[in-house]
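I am attaching a structure below and will ask some questions about it afterwards.
Chains here go by letter, A, B, C and D, matching the order in which they are written, and residues are numbered from 1 within each.
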Amino acid sequence: MSYRAGIVGFRGYSGEELVGILEKHGHVTPYLMEHRADSQDRPRPIGYEGPARIACTAEAVREAKLDVVFLATPPEVSMDVTPWLLEAGAKVIDLSGAFRLRTVENYKRWYKEEHTQGGLLEEAVYGLPEFYRERIAGARLISNPGCYPTAANLALRPLVAAGVVDKDYGVVCDAKSGVSGAGRKPSLKTSYCEVTENFSAYSILDHRHVPEVLMNSELNEPEFSFTAHLLPLHRGILETIYLRTVNIGSAQELVDICQRFYADSPFVRIYAPGKVPDLAAVQRTNFCDIGLKWDAYSRRTVIVSTIDNLGKGAAGQAVQNMNLVLGLPEAEGLL
Amino acid sequence: MSYRAGIVGFRGYSGEELVGILEKHGHVTPYLMEHRADSQDRPRPIGYEGPARIACTAEAVREAKLDVVFLATPPEVSMDVTPWLLEAGAKVIDLSGAFRLRTVENYKRWYKEEHTQGGLLEEAVYGLPEFYRERIAGARLISNPGCYPTAANLALRPLVAAGVVDKDYGVVCDAKSGVSGAGRKPSLKTSYCEVTENFSAYSILDHRHVPEVLMNSELNEPEFSFTAHLLPLHRGILETIYLRTVNIGSAQELVDICQRFYADSPFVRIYAPGKVPDLAAVQRTNFCDIGLKWDAYSRRTVIVSTIDNLGKGAAGQAVQNMNLVLGLPEAEGLL
Amino acid sequence: MSYRAGIVGFRGYSGEELVGILEKHGHVTPYLMEHRADSQDRPRPIGYEGPARIACTAEAVREAKLDVVFLATPPEVSMDVTPWLLEAGAKVIDLSGAFRLRTVENYKRWYKEEHTQGGLLEEAVYGLPEFYRERIAGARLISNPGCYPTAANLALRPLVAAGVVDKDYGVVCDAKSGVSGAGRKPSLKTSYCEVTENFSAYSILDHRHVPEVLMNSELNEPEFSFTAHLLPLHRGILETIYLRTVNIGSAQELVDICQRFYADSPFVRIYAPGKVPDLAAVQRTNFCDIGLKWDAYSRRTVIVSTIDNLGKGAAGQAVQNMNLVLGLPEAEGLL
Amino acid sequence: MSYRAGIVGFRGYSGEELVGILEKHGHVTPYLMEHRADSQDRPRPIGYEGPARIACTAEAVREAKLDVVFLATPPEVSMDVTPWLLEAGAKVIDLSGAFRLRTVENYKRWYKEEHTQGGLLEEAVYGLPEFYRERIAGARLISNPGCYPTAANLALRPLVAAGVVDKDYGVVCDAKSGVSGAGRKPSLKTSYCEVTENFSAYSILDHRHVPEVLMNSELNEPEFSFTAHLLPLHRGILETIYLRTVNIGSAQELVDICQRFYADSPFVRIYAPGKVPDLAAVQRTNFCDIGLKWDAYSRRTVIVSTIDNLGKGAAGQAVQNMNLVLGLPEAEGLL
């Protein structure tokens, strides 16, 4: 049984990663949907044939009988194409921020743009399989989570849900990302000479990914401090999260809470107390690795949560969502 | 008027940096003190003559009439040589952690080693010129601060001293350092293939530099959470510090407090509200650059403090201390 | 049908790569053979079980019924263990340089060490499948080629065999390699701070890999100039080869010669005239990509040949050899 | 005695480097000439005042009484502004390729553009001080050499002039450069994710810098093969040059020829036979370091020549030229 998946934005870093995963997936044939001709393909050896290319039109979607279309595009493109893609019968997995928030007002506040498809916000399902597996399986429009919120929510929600986070004290999330998170479009900010041997903080307290954490981990804005940083490396996110616990007697209890929460989730891996993952542990995978350290006297807790921003933070998670939507095993093509 | 300065440990990264600064200083002639012959010099062009080399003995110190000796050595070597260097009439500026803490008990707790020169701890002056200028000028033994605490203390102390930090809420310092901070001795941890494209947290809540912050910024251990991280780059430290303010009405007030505090300190530079420095702003300099963002509603504050770990974090600060000790202008050879 | 493969030296970079390929291979179960306990494993998430571990003894080889053993070890270890591994019934694929040259004299000249197993040199088959497929399939001891010679020989041999290289003019091979080629053992030369933002030449005209090129591409030493360089990156080799042609009328003719030569070789990919691959084209693959530019007037030719030094340059090629030895499809587990 | 120097293109990497050198020079006051307002300045600490800014007009040049103007601009801008700058009484040091070649035909062949100021080509002096010191001192328009040709010519010309290069055999120059050589303008080719962990060849046999080597080292095009490569690092060029000698009996003879040639040139440093420099030896300096290896039997010679592309390859050399033009000591502000 084979499915057919279109990819809009296949030349960007997330799109490229998606194509790579789907080419090896086994149950899905990828189709590259030419949305703009402005960007060049990479050089290829003689005789190498990539996936088929089709137009980015409703007609082409119907003709190719696409079951699902991935949007690895900026939010404004996603808003443009989603309505007619749904109408053409494809399910849509959008990797942009277009459908992650619940209201057009909230979108405007964080994205500084008008939302043109407010009517779809209610229907869109937030595509974090570890939390919303069933709803995703039945959805027509899936909003793939942001990279930063994926690492933060997977670390925080089990503890918040267990009632062991001291909210009076606040939660700090110091996040660091590789450069591919900024996309493939050339800019001074992501130029080699500006990035190598350098390191910088950005979007302090006002990153557009913040509301995704607030919504999914039940935190209020004044309780959650978030700073993004640009690492001089290609791919990977590592977040260092600081909080205080209540009702906890040992680091092992915290680890147990996480392990129980993810007992049926193959892509979240927990470390023994005091052990934390580095970026290399998750690069080029769909895993989120989580480790923590806890101080008995002061109840200060430091959690390290790490993902590949192109894997679990984008393309890998999108394929995980696709597997759910198509009724395939959740981990198909991702291990 | 010319002074004479010895350097023990001139082949390490801090030692090499010291030699480079002193060769251009103008008022000081450097002498390389051969302590161990195990490490190789770098290749040199024909005809290039480095600084003079002398033995690492009391006799050689007296014969060369050294005014001051820098120790860019591990703590145990610093403990070994400091007593006879002082006796030989040289002032000592130690870049190791040997004389930074006040008691042998505290040293043992954080360094996991016995202190063999407890008698010198009282005499040693903590060499952060922005705080202790006068005491440094009159000292015989100066303990150059750790790299992490330098960036943290320069950011925190003006605010703590002004009484605007909410200590009930706690202070988080998320610190990131380049690899040269780990020294020149080869290890798997600092091997190229382990570091490039990777990023990792270490010494979570128990880094040996923590007590230097507690002592200088008047914080108690449960109030201060510190995590160190290894950046895939050569040199530089950037710290992202999270706290809540009291008695503050605008970001400008915070900036003003810092500017007043450092009005006479040429090496601390403050940024306008909302602007923060990146590592490139301070690499290969003796500056500490500080910027911050403040949220009026929640009083959350994020400070970014950045130095070159080999500059203000080690060799640059050591020369700044030397200038004070020798009665030279504080910034001589450092701008 | 499943085979059993031992790996000695599984903690090194080539060994680690081998384990990764074999875990996904499908027809082979890997066994990690504990040769030395001095090196630490990387941290693992809770519940992660790696491949089985066995002792590095003849008894353990017999008990585990290993069909083949990979040696990702220094030459001296390979010489030590190969005799008893063969006796215990395992085929041996050695990734070191121990069995690549034909005589103990030649080994001594280039490796500056005595060869202790000269009796095995005649039996050992040079494991470059594109040239020696049949002999490899029937071999008991396979000597996996060096990384530099693999890229050089795959580029040169088709042209030399076709008689289109002007030997009077000489051949220059300017080779650049990532740091993983130097192995995992920490050294100052491969320390992060010595490598990043740096670039250097080494083993000019006397690299120990030179004789492998001379033997396989029918060149005499005075005709072949080789310089190795260390690139500030993890993995990959790119060689720029300069020569003059005879009897050639167009770049396309050169490309055609290469394409015909590798018509049945899935891992060598040729580019259109004037197009050349970069490192990214082959990283984390078993491919060798080759492109060239030719000047009609002067017959100067520049060939760019690139491989992953851990892939086609080590572990990938070793598995390709294993597939031949075990009678599996040559590309099994490598695409 | 103080001079006044304008800089057009001060926001580019070469321009930025120029400003940095001139700010510390001692005999020159820099003026930033605003040519285009499209590019943003970097963030600065409060109170930091950069050099004065003036308009990029003849009037402003006269008013500021500029003695010399540096053009760190693309060739087409240099052609535009040079005529009126000369007329306004300033000497011009152009860092672009606009005035390096002798004829408009040659310019068109290599730069693929029309030359609009052919009348100035005869007057322009090629600004390689080690070869043309006197002519530079008396020039009104100086054409600063390309980065690649600087390293190649400084290595080749002493040997060619001494008649020890076997031209029948040809000369190969395999050149590698850091990314800053491509300028500050964002492009996909110099984006971080495209460059890091990657390495590639470009402009094989047809780089626009080739004619500068042919002209200055007396080689014919068929005798000289040149390939440029992009290194994943910020700054520095290393060239590996292959040739055969005639009339040479030892490596020391070759070294002696170079040392004699550069006896009065403070910025070219020669290494002992068999020793070669790495990039780190020259980064952030105005030096060109040269080392070589020679094979007695085959007369094959490998030379390694290395510079900082922003130093001796651009801004440093431009200031060296300025010193000559203004009658200052050649090394002023550059050591």
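Here is the rule we use: a contact is a pair of C-beta atoms (placed from the backbone, for glycine too) under 8 Å apart; a residue touches a chain by one contact, two chains touch by 3 or more.
For clarity, every value in this text was computed on a predicted model and none was experimentally measured.
The pair A-C is the one among B-C, A-C or C-D whose contacts match those of B-D for more than half of the residue pairs.
Here A-B and A-D are compared, and the pair linked by more C-beta contacts is A-B. Each chain gets a centre from the mean of its Cα atoms; the one farthest from the centre of chain B is C.
We define each chain's centre as the mean of its Cα atoms; on that basis chain A and chain C are separated by 38 Å. Averaging C-alpha coordinates per chain places the centre of chain A 46 Å away from that of chain D.
For this pair, chain A with chain B, the centres built from the Cα atoms lie 39 Å apart. Each of the following residues of chain B touches two or more other chains: 194, 196-197, 232-234, 276.
The touching residues of chain A, when paired with chain B in their complex, are 169-170, 172, 174, 176, 178, 194, 196-201, 204-205, 221-222, 225, 227, 229, 231-236, 238, 240, 242, 244, 276, 278-280, 283, 293, 295, 297-298, 300, 302, 304. Note for the complex: chain C touches chain A at residues 42-43, 45-48, 196-197, 255, 259, 269-272, 275-277, 281, 284, 289. Listing the residues of chain D that touch chain A in their complex gives 13, 40, 179-180, 184, 186-188, 190-197, 232-234.
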